[in-house]
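The first chain written gets the first letter, and so on, giving A, B, C, D, E, F, G and H; residue counts start at 1 in each chain.
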Amino acid sequence: MNEAILRTLLEQVRSGELAVDGAVDRLRLMPLRDLGEAVLDTHRELRRGQPEVIYCAEKTVAQVRMIFAALLEGDSDILATRVPPAMAEALMADYPQIRHNPLARTLVIQRRERTLTETTIAIVTAGASDQSVAEEAAETARVFGNRTERINDVGVAGLHRLLARLDAIRSARVLIVVAGMEGALASVVAGLTARPVIAVPTSVGYGANFHGLSALLGMLTSCAGGVGVVNIDNGFGAACLASMINQL
Amino acid sequence: MNEAILRTLLEQVRSGELAVDGAVDRLRLMPLRDLGEAVLDTHRELRRGQPEVIYCAEKTVAQVRMIFAALLEGDSDILATRVPPAMAEALMADYPQIRHNPLARTLVIQRRERTLTETTIAIVTAGASDQSVAEEAAETARVFGNRTERINDVGVAGLHRLLARLDAIRSARVLIVVAGMEGALASVVAGLTARPVIAVPTSVGYGANFHGLSALLGMLTSCAGGVGVVNIDNGFGAACLASMINQL
Amino acid sequence: MNEAILRTLLEQVRSGELAVDGAVDRLRLMPLRDLGEAVLDTHRELRRGQPEVIYCAEKTVAQVRMIFAALLEGDSDILATRVPPAMAEALMADYPQIRHNPLARTLVIQRRERTLTETTIAIVTAGASDQSVAEEAAETARVFGNRTERINDVGVAGLHRLLARLDAIRSARVLIVVAGMEGALASVVAGLTARPVIAVPTSVGYGANFHGLSALLGMLTSCAGGVGVVNIDNGFGAACLASMINQL
Amino acid sequence: MNEAILRTLLEQVRSGELAVDGAVDRLRLMPLRDLGEAVLDTHRELRRGQPEVIYCAEKTVAQVRMIFAALLEGDSDILATRVPPAMAEALMADYPQIRHNPLARTLVIQRRERTLTETTIAIVTAGASDQSVAEEAAETARVFGNRTERINDVGVAGLHRLLARLDAIRSARVLIVVAGMEGALASVVAGLTARPVIAVPTSVGYGANFHGLSALLGMLTSCAGGVGVVNIDNGFGAACLASMINQL
Amino acid sequence: MNEAILRTLLEQVRSGELAVDGAVDRLRLMPLRDLGEAVLDTHRELRRGQPEVIYCAEKTVAQVRMIFAALLEGDSDILATRVPPAMAEALMADYPQIRHNPLARTLVIQRRERTLTETTIAIVTAGASDQSVAEEAAETARVFGNRTERINDVGVAGLHRLLARLDAIRSARVLIVVAGMEGALASVVAGLTARPVIAVPTSVGYGANFHGLSALLGMLTSCAGGVGVVNIDNGFGAACLASMINQL
Amino acid sequence: MNEAILRTLLEQVRSGELAVDGAVDRLRLMPLRDLGEAVLDTHRELRRGQPEVIYCAEKTVAQVRMIFAALLEGDSDILATRVPPAMAEALMADYPQIRHNPLARTLVIQRRERTLTETTIAIVTAGASDQSVAEEAAETARVFGNRTERINDVGVAGLHRLLARLDAIRSARVLIVVAGMEGALASVVAGLTARPVIAVPTSVGYGANFHGLSALLGMLTSCAGGVGVVNIDNGFGAACLASMINQL
Amino acid sequence: MNEAILRTLLEQVRSGELAVDGAVDRLRLMPLRDLGEAVLDTHRELRRGQPEVIYCAEKTVAQVRMIFAALLEGDSDILATRVPPAMAEALMADYPQIRHNPLARTLVIQRRERTLTETTIAIVTAGASDQSVAEEAAETARVFGNRTERINDVGVAGLHRLLARLDAIRSARVLIVVAGMEGALASVVAGLTARPVIAVPTSVGYGANFHGLSALLGMLTSCAGGVGVVNIDNGFGAACLASMINQL
Amino acid sequence: MNEAILRTLLEQVRSGELAVDGAVDRLRLMPLRDLGEAVLDTHRELRRGQPEVIYCAEKTVAQVRMIFAALLEGDSDILATRVPPAMAEALMADYPQIRHNPLARTLVIQRRERTLTETTIAIVTAGASDQSVAEEAAETARVFGNRTERINDVGVAGLHRLLARLDAIRSARVLIVVAGMEGALASVVAGLTARPVIAVPTSVGYGANFHGLSALLGMLTSCAGGVGVVNIDNGFGAACLASMINQL
């Protein structure tokens, strides 16, 4: 459409219908929106083939239903995150092809064949209570086309459990470390590998945990180099970043 | 320059030297910067005639000197804020035409005749210790072409002082209220006028003031409608906003 | 009433019934309330014609019912904000003429003809989750007599959406920017216009959002001049201030 | 009882039954509790005649029932604070003589005749939403034997309402100021009187109020002298302190 | 002066020079300041005889000099607080009659004979490091005409030191408790007396003290009734309030 | 098992079946886990005989059931903490031998005879509302084999209650002090004994308590030496540490 | 002295000089101080032989000089902490026998022969920057009579350094872990030993370290049991507690 | 060395000199350090060839001198960060081959030839005041062998400057975004590229910036996916992580 306008204008210049000065003026006044989208689309282009993502936490079932319907007109995969149980049920009734991961609180509709990456994103958790966030990360990473490996329950108070998984840690191309409380696992893992570590503080804990603040600050001030931190409980964001890195 | 490129391209289209398709391609690939600036200049245009502003707090004398030299090649007025005493002295030695306001920590080079607005920005302070921030606001407002009126030392613990200035308060088109400690003055003034109030919390105080946090939170939760808050000690920002409003 | 007392007193002075000294004494002793209201009424006078506003968040249905009944004895418009669903239903049963906006959580009784302003308040939101706060702002702005324009879902992570609405942004007389998470939209919008921007941080988000703190701090420290900030989620307050500015 | 032991010991000394050395030893070893209570009782003595107070917030109905039963064996008045509705109902079924104040969330059993003080504690509130805390203060003050006066809804955004109550403010011997949001009322009231002001921040509000933090910090940094602050929402504590002062 | 205007007006009414309606209008428009001051002066009257106070923390020597000169034209006593050493020296050179208390950081010029109160304000400190704040409180209390008693170094970690001063604690009419770190002394003292306790948290300490926050929160949440808290390190404010109470 | 592998390998070396070089290689490649556990087992060895502990706060009934089943295959005692009522009921239905302490929110299955220590852990509480945390500490201490003594309701606002229990305080080998609000009890108790004090801040309170922050900061900045602090409400952790100390 | 008074009184009772009733009265009125000190001295008795400690951070050289002079009249050892360099020099000039540890910022005068404990306090640090705090702990522990072992620079980002010191870690009777940034070392060490761990967060770091807050919160929420935390940078307090435990 | 011990042991087993049981025992007791280092060395191996890094912020000149001397015995490159000016001068006097970057506060000794990566790390800054942190990141990235590109002064308040550098932004393999105040630049840049973005909040600003907190929270809650955050002002850490990613 924009292109049509542009083409018409240029043809008018060529035909002499429009003077050069007039064309300069019109091009300068041409709404940025149109040019902007043209240019910026190269960006969207890059995303083509990636799943569409719906963050459901502050939406109603009706809103999410509407978005699903719209997205299903396209052909990309769909990932919905932070889906409350009731919303999940409602959507599964609508779309039997949905894959629901209740622990991760995700819904997935996979419509394309996807070859997983050769390289692996390792998802490391400190304790059983971090599983929900790790599962969100794992589900996201897989939907984005990455091979994943889970290394669970290797909190630093029992180092032998962590050291026992050293091979798995070292063979990953990028690692997501999910930990609550003092979040020390990120530092320890980063010290054991030369690969990028994405740290996800979780809100698991109580008292001086202050809803994840202790793990967040701990991870940000990690004494080990090479740790990037995402928001508290943000398994999805960690997987986004890890996927970008893994697919470089 | 951009225009030159654009003009050349269009002339090539007109002359047939360049096909329409090729021109469309080149226009799409033409660095956004050039088009962008063309379009966005309408914005900068609006600013034309406004002083250039230099925030000096984290710059060296050498850096600021360089910026002054560059700006003086243009013809706009120049306002430098947060100028430390030593930097002020150095620049005054270079440019005798500089107006230095040590309380406001500003330097001004005024090169254009400016008719002040008919309407007034009132700058209201709670106590003597808020004068530095108020002075920065006043200097900024004047350099931006606004008539100002000062209403000083009318903290809420002595209401009669405030009520005695009611006429001045009510005759302003927009008000800047500068107050530290509990910042209550903003609420009280906003309750006495129907004009917009820009509140500037100051870091004046100690202890539970927490460097301006008490006044900041107090102003944000003001029980009076119509109060917009800027950053702690940000006299400049308050005057920017007040000037925009006053000159509507 | 006060005027009646005053008039009687003055007539007694004129008739000689009351000596000047006695009148001076009585005037000095006359309860401040009466004189106060007389004087201060010039303030209330200014508000005449403006809707009465009821903040319902911490009130019972019974209390709000009583206030509605009292206000309906006057003839001004009525705006109730932060109305919980059950309270809304109860009041709609009482007053069929109420206009309920469930997303904005407002109730309105409009009794006067109002010509909307020529100029526009633009209400810009970053994401779908900011709609409730934006809707409160929009409803308030309209009840206060302002033309409004909505610019939705133009978060800074997809700049092309924002740039596509550049015309709407630049044609507004004052802008309200509603954004959660990092609140970056306020800075970006303020950089694109020379008009006053009222920024409303929202509590949308989780983790390091800390119930709106991230957006609040981001907006207060905006690198763009001309941004005034109101309390987290305070769509009503933003519209009050924007209305004052728009109607200058 | 302690006295009995002591008396016996001394009589044994007098009768020669117990040597002085042995008595010294026994007195030194005599559990501190007994001597301690003897000495410290002068303190408790001072409290004699004051109501017993039960803070019910973190107790079960069963626990509170047990405490009531125990206290009713004495003859002092009883004040229960922070009583949830269900607990109130349960206790009222047990003790028909209970006076329940649902807004204050208090239960009172008054068993003594009490002459109220001549002087008055004024309880001043900023808005309707502060009533619950103010009511707790008022109920407490009355049960402790003080005359009280309520000055309601005089928030600083409408100064004329406050000034209209100037006489009442100035005739109180001590004032309790209850205010949420920016808590500015405490400063303004303290500026209008030379009497002690006890400030109670309330958690009324949202966003940057941070559950009463804004009012708390505002009151602590009040620019007016003579303001003592108690915990957020602590109407009871404010009344305790005000009662001590009023009864000096 | 105001009275002169008022008298003239009323005489014009009596003489018929001014119609009643005109007088009503003029009275309504008469600047509030004049009426306001007339009324509000009753307040200032109450303060007559009290020392004037200058808070020097954010003022220059020149500013404080000017204020001293102005105040010395009156005849009230003068108290300057938070006086830095250099400022103190400068003013002592000007006014040999100044009393300088370097620990309290106060300057006093006493010009009236003052009979101290019969009753006593006890000033209790936890440790040697709280002396500066306590000294400010003591100096203020004395200048305001109160008898004071110091109870030093009775921190709760050595209860016997505190209990040894029980008589002094119980014979005070009002107590100021100055304590840093955990601020526990306020609770313990309040439990030992039935008199009002004004608690001053100090910024003494390090680490989790967070510049006085630990003591501030501790005092606000004191488990003992009858504790009013002032700002961190605010010895002056505590003495103001204590003086008001002591002189009731 | 690891030992079996190791032994086989060494026997192969002895028999010549495996060359020294090959054995070195295999030993170096032998999963760290196995060597690690071998070495680290000396640690686990120390724990042998100690109960297994399950933190139930963020687990489902199904998860906890599974863990119980697994642990019951061993023969150690089992302690479950933070057990919600419904989970407790479900498990008690499964295992009639469970001892449920609803106040402590613990479940215990005791399968070994345990002689309690001679020495005592004293558990001291400030008020009735701290009982739940204290009970968790007591239950834990007992399951870990310690004699305990409870010293309840000795908050510092009534010192005589505390002093009356001086003997009990001084005869403990280690003390756990549980207190909310200002947490002053830890300092006072530490001043009365020369034994280690483990302080547990509780979240009991409201307002400036900030969910236990006031007690936490107060205990960390205690003016008494010899106080170690654990997380807010962490009765279990305090008892772990106290048990380690008591059993040295 | 107290005993003398007591003895006299009892002898008067025996001789009949004083009636039993009179003696009861006098005993009840006998200043608590005297009895109190008598009783409480048993506590001080326990401390006999321990060094006297002076916290110098907020004291002047003159004050510390006076305290030294007073303490030297006794015969106990003296430990001064947080001694600024200039103060250290001044005191070393006075007392050549002083041992100055500039890294620990301590001064020691040792006057008694002390046999060190058989058992060891291990002091473990994460990095070179934690040495000053660790040194304060070590100096304190030694002056209190404990054998110490230093395990330096074993931060968790290089686990092999820590594991290499496993024997030293496991042979200590109690451990002090000093770490800044994320403070993870405390959790890891606690997981490697069954002995009590005293954790000292340090203010080493910048940014999200927030002056030690990150390490403090991390240590408080440690996922390993048996960790007691002291104030940020409080090496002295950690050693006090460790010494109490080590000498049980 | 470890291998030698191991080999000897195994040879003794083969020769029968050592029984299998004895070898098992010795292997189990063999200090973990030796085995540990053997295993963990694979990790250090990975780092071989990387520069050694010294964080100088909390070290003395003497300490850093010693570390330099030690490192120069090896042959790796050396990077010193956070070097104060005086320390830089001292070391440059010692080692003329040092490259000093005063803005970055780094010292570098480069001893190996290094081919820079083909791909580029883009370092994007919001304003002139962020240059120091960006320079630290750039210096670090280069020393670690990466090609870098600087995109300066493209703060979001002037979008056209940012859009003008779109090509550079999109051609980077990984981006470091350095921004203070509201930190919005990270979100905007992440929305313009599909590459990983490492966000560095800076402490540039004042007031509600709270030493970098505003930018930190803003970046953590970024509405754009694929953003990893490091500590405030941590240019070095960002470059470490970016280098790991760039060299995957």
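We adopt the following convention: a residue touches a chain if its C-beta (ideal position, glycine included) is under 8 Å from a C-beta of that chain, and two chains touch if they have at least 3 such contacts.
Predicted, not measured: the structure shown is a model, and the values here were computed from it.
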{"item": "Chains contacting each of chain E and chain G, listed by label", "value": "D, F"}
{"item": "Set of chains adjacent to chain G and to chain H", "value": "A, F"}
{"item": "Gap in Å, rounded to a whole number, between the CA centres of chain F and chain A", "value": "39"}
{"item": "Averaged-CA centre spacing for the pair chain G and chain F, given as whole angstrom", "value": "25"}
{"item": "Touching two or more other chains - residues of chain A", "value": "32, 39-40, 43, 159, 163, 166, 191-192, 207-209, 216, 220-221, 225, 231-232"}
{"item": "All chain pairs that touch each other", "value": "A-B, A-C, A-F, A-G, A-H, B-C, B-D, B-E, B-H, C-D, C-E, C-H, D-E, D-F, D-G, E-F, E-G, F-G, F-H, G-H"}
{"item": "Residue ranges of chain C in contact with chain A within the complex", "value": "128-129, 159-160, 163-167, 204, 206-209"}
{"item": "Interfacial residue positions of chain A with respect to chain B in the complex", "value": "3, 6-7, 10-11, 13-14, 16, 20-21, 23-24, 27-28, 32, 35, 38-39"}
{"item": "Partner chain D, residues of chain C touching it in the complex", "value": "31-33, 36-37, 40, 43, 57-59, 63, 201, 203, 211-212, 216, 231-234"}
{"item": "In the complex, chain C residues that touch chain H", "value": "126-127, 155-159, 163, 180-184, 187-188, 190-192, 205, 207-210, 213-225"}
{"item": "Chain F contact footprint on chain G (complex, rising order)", "value": "39-40, 42-43, 46-47, 53, 166, 170, 173-174, 192-196, 198, 216, 220-221, 225-232, 236-237, 240-241, 244-245, 248"}
